[in-house]
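You will see two complexes here that share subunit A, one where it goes with subunit B and one where it goes with subunit C.
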Partner chain A sequence: MGELVIHRVEKKYLNHNGNPSKNPSFQLYPMNLSIQEGEFFGIIGPSGCGKTTFLKCIAGLILPDSGNVLLGKKNLTYVPPEKRPFSMVFQQPLLFPHLKVIDNVSFGLKMQGINKKVRFDKAKDMLQAVGLSGYELRHPYELSGGQQQRVSLARAIIMNPKVLFLDEPFSALDPDLRQEMRELVKQLHQTFKVTVLMVTHDREEAFQLADRLAIMHEGKLLQVGTPKNCYEKPDHIKVAQFLGSKNMIEGVVSKNKFIGKYFEVSLGYNLMNKTKGWLIIRPELFKRMCPNDLNQTVNNVHIQSFTGRIKEVSYRSGFVHYKVDIKGQSLYVIETNQSDLPLVNDQVTLQLNIKKLHFIPQ
Partner chain B sequence: MNMWQKGNPYLYVLPAVFFMIIFFFGGILQGVLQSLGVSIFHDDAQFTFKAYQELAQSIDFWQSLSLTFKIAFLSTLLSALLGMIIAFILFIISLKAYNTNRFPFLYRIFQYPLVIPHLAAGYLFLLLLMQSGWLSRISFQLGWIEEIYQFPILVNDTFGWGIILTYTWKEAPFITLMVYPVLLRVHKSWYEVARLYGSNMIKFLKNVAFPLVLPAWLSSIFIVFAFTFSAFEIPYLLGVTYPQLLPVYSFELFMHGGWEERSQSLALNIILAFITGILGIISYLLSKRWLSSERRGWE
Partner chain C sequence: MGIRLKNVGWKFLMILFLILFSFPIIPLIITSFSAGWRWPEILPDQFSLRAWNYVFSPYAGTWEAIGNSIFIAITVTFVNILLCLPAANVIARMNFKGKILIEGILYAPLIIPPFITVMGIHLTFIYLGFTESLIGVMIAHIAPTLPYMLRALIISYQTIGLQWEEQASMLGAGKFNRLRFILLPHILPGIVAGSSLTILVSLSQYLITFLIGGGHVVTLPIILFPFISGGDIGIGSAYMIIFSGLALLSLWTMNTLLKRYYKARITFIG
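What follows is the complex of A and B.
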């Protein structure tokens, strides 16, 4: 098969005057992406950023204005979706209400003209794989939302697709069920070795499942990389914002020092003078000093200390989140639960490894 | 106070119920009684099945019944097929159209025949299809026929083409009107799902859309059949003098026959109502047994 390559795929939608070229109502800017065989790839971005449109352009449900979709050496750009080796699971299960579960699962095989016995045998195996053995003769209305989505997954995987598209497949489910479905998808991905392209606005979901991520914003791909890389080294302030960076401080670099409105810190690496941008400090990089440690001398030149006053504290499932005011700059800190919970208005000293700071030039 | 509030809705509909009982059920009751020889206006009337027996022995009745069935069947068949095809065309356009704002206009075009009364439609088709009618004259002017009498006889013909065509023109939009709103509830996303799993438009219509609209289609087919089987105006205007369709035959017996034939006329009406009722029950049982499980969870 080979990799799935998306080369300069672009799509514009008409504005109110019916003119696509000037001020289109929505535009998917030229997209380039390469997804390896067997990879679990996530496209993440806020609602309305064009994720689903992009996915449908790849699936063939929307014809792009320009660009190419290639699978291995085969150009699929103008191949109709029914002839592409792709399957898709949508946000809603979209099961056909008049068909029983087994008929829904084997729908694609029926369209391929495969005889009833063979397709039913395969459908039964697939239902077993998604944990729905014994549900063959039920109608969709007799299933819960989670079960319907499992049937939808079975219907997609039975086609033995080269690429499986997941379009926010768990967003309509409750949190427990969502977690259960994520594990099921991960397991099915490993069992069937299928390439998966998932679209979601749920960071947690993307981080849990994807080998690599692409972050989209307003019709543009901002960054592609591993979840760790995207989180720790965002290329764009929008990426940092979307991935939940709490401490984004605007400022300028001068003599390897970052100077914000209220906050200054030496940078652990060289940057051109007068570069404007944002300093990203991940909340978990701070280390709160115990009163006993304060008198000890820090020999590491990369560790800097800051003293401030705690403004807010909250305890969330094993982690303590708090806001510290350091000379007028509010900084967000997350630390694993320690025996001495900080209190509001406490004075604290925080240590920061400046080598782990990240600067995004404007 | 509470009792008054509970009873209030029933009081509001009481006038309508009253008139319904008097004119509808009262009329039916009177028809049944008169068909059985019982009359509230004649003291010497006797209970008898004579009218039904005479009808059963009448060749005219059987010919009329068979013609009525034939015309109702063909009208319903053509309307059902045409109505469904129009509904599917509108549905396909709505699936393919990116901007559906202008779409209702097209839908309205197919609704116009609905607002034209049957009598007017009958007259329109008479003017349109008779040998000295518009189509015949247009064909003559275009040189397709040498004389207007070469135009095929389509109205007042023994087969009943005029009636069938008029009914098809009138009832096909009704079928569309019944089916299309159901089709609109078929998600566009279902079409996308079907396409991704190897289905083209024809396969999608056959395997997904058609089974979903089948209940609405069958219901509307029954209504059209019941109507075309028992309606009067169009066969009266476009039919032939012999054999007549049952409603016309009944009317003629009632208006132009003697007093003794009035019982037969009413017996005919009772038979018409009975056949329609039987068809209704069959349709209901069919939809209840066969289709109910498919409707649930969607309708």
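What follows is the complex of A and C.
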């Protein structure tokens, strides 16, 4: 059927108090996005950034002010949601309470006018795929939250949608269950070869599941790319912030050198002089030197050493997180724990490969 | 001991209520079977079936009146449902300018006597030829009954968010199917409650029916009134009993429907 293309989709919500043109309450700026067939695409952003609105615009539940939604060569912009080949799982399971589980799962097929026997057979297979065989005749209120969300997934996938939308589908579940559901979704994605568009505010979820990501902030798409690319080479300081960068140092570039308030480092690549911006140092890039290694000379010109004092140390299941104060600049370091934990106030020497530094111009 | 006492107290209360409620009906029954009941007789001297014979005689037109009453009440109920479903939907779940004003107008018959409204539309009805006709009476009955239906439906709609319909439309359900499979099952209790009230209020309309129907549209209150206001008390009592029976029957029917509905399904959770 081809890729899903979102072309300049835009939506404004007007503020009823005051002049609407000057003071729109919320705006989705023109959005461009294309999602490949079979892809697992994630849209992440903080709550209130408009990701659900964007999803609903694509699904047809909200009519955008302008722009087009295309699937392959077909323009779906003015097709009502019930006629689009999409399915959606919402944050809440939204099972129809007056229908039994099997009637819920086969609801979509019923709307297509498929006869009872065929749709019940399909529904049973689908329930088996989500691990709920034997629950056919229960009512939704007899199921736990996780089971309800599984039924909801089954109900969406049974439609054999061209694109499956997931709108923060696991955020109402507890962490263990969430992990289980992620694995189930991943598995269903592979089994049924369905294109998935997921919206979430959970970084971990997005990184675990998505082939590609889009990061949204205040109604704008800031960056689209693979999770690795978005994390290691953020285009925008907001992306870095949202993806949990720990070391973001504001400063200016001068003669291929980054100069911050307390911190200076040579950059591994050329940049225009006087460019203002932020230097991003991923906390796992640092390498702590043992006292014995210190006397060895470093041959690699890209390796720079810094000496400072350890501030806070915390141990988190196999990893050590600590802060190092280097001449007034606090840096966050994460490393796998090998033997002993570093001690607070110890002097420490860190090595850094400057080729892996990332600079975001302002 | 405590439980026993509580039980005894409860039983006592129930009996007291039964006596209080049935007390006014006892003289009604006695009067309807008496051949005149004068002071200082504790019970009437003579009993007769005169009143009941008259009520069910072909020339009394009782059956026609019962038929008209029920027909008007049921039609008004259906019209109310059709009018209130979209209105309640919009008022309960959407925001727009002038919402309070529209709500106020729709609820107005609860506060302003419907008689005033009907006085106003009487002239228009004469012009349109709706007076002295069943249709005119039905339309006139909408004024006092609509607010009850509306209120019941608004409350029902408030308990169902738009997300259920969004979910249904993502599953391919068009407008009609969403109404049929999602909305109606959910707001059915509200429809039943609103219908009970509509039927009761419609059944007991006298003035409006009289004004618009001009005596040509005969409902139970129309034939009942002359007998209790200075006419034959015996026949009036018989009619009163029929009237109460009719009202009770309609309430009971609605109640049974609701109970059956609640047995078949349970409330909305999560």
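What we mean here is this: the second predicted complex is superposed on the first by the 359 of 362 C-alpha atoms of A that agree within 3 Å, B and C clash if a C-alpha of one lies under 4 Å from a C-alpha of the other, contacts with A are read in each partner's own complex, and residues count from 1 in each chain.
Here is the rule we go by: contacts are C-beta pairs under 8 Å (C-beta built on N, C-alpha and C of every residue); 3 or more make two chains touch, one makes a residue touch a chain.
Small disclaimer: the values here were computed from a predicted structure and weren't measured.
With the two structures aligned on subunit A, subunit B clashes with subunit C.
Contact with subunit C, but none with subunit B, is seen for A:Gln148 once the two complexes are overlaid on the shared chain.
In the superposition on chain A, A:Arg138 contacts neither subunit B nor subunit C. Of the two partner chains, both subunit B and subunit C are touched by A:Ala59. Contacts of A:Gln112 after superposition: both subunit B and subunit C are touched. Judged by the touch definition given at the top, the superposed model places A:Gln92 against both subunit B and subunit C.
Within the superposed three-chain model, A:Lys233 lies out of touch with both subunit B and subunit C [touch as defined at top]. When the two complexes are laid over each other on chain A, subunit A has residues 56, 59, 61, 80-83, 86-88, 90, 92, 94, 96-98, 107-108, 111-112, 139-141, 155, 159 in contact with both subunit B and subunit C. Every residue of subunit A that touches subunit C in the complex is listed here, in rising order: 56, 59, 61, 80-83, 86-88, 90, 92-94, 96-98, 107-108, 111-112, 139-141, 145, 148, 155-156, 159, 165.
Those residues of subunit C that touch subunit A in the shared complex are 163-164, 166-174, 177, 181-182, 185-186, 265-270. Across the interface of their complex, subunit A is touched by residues 98-99, 187, 189-190, 192-200, 203, 207-208, 211-212, 293-294, 296-298 of subunit B.
Across the interface of their complex, subunit B is touched by residues 14, 56, 59, 61, 80-84, 86-88, 90, 92, 94, 96-98, 107-108, 110-112, 139-142, 155, 159 of subunit A.
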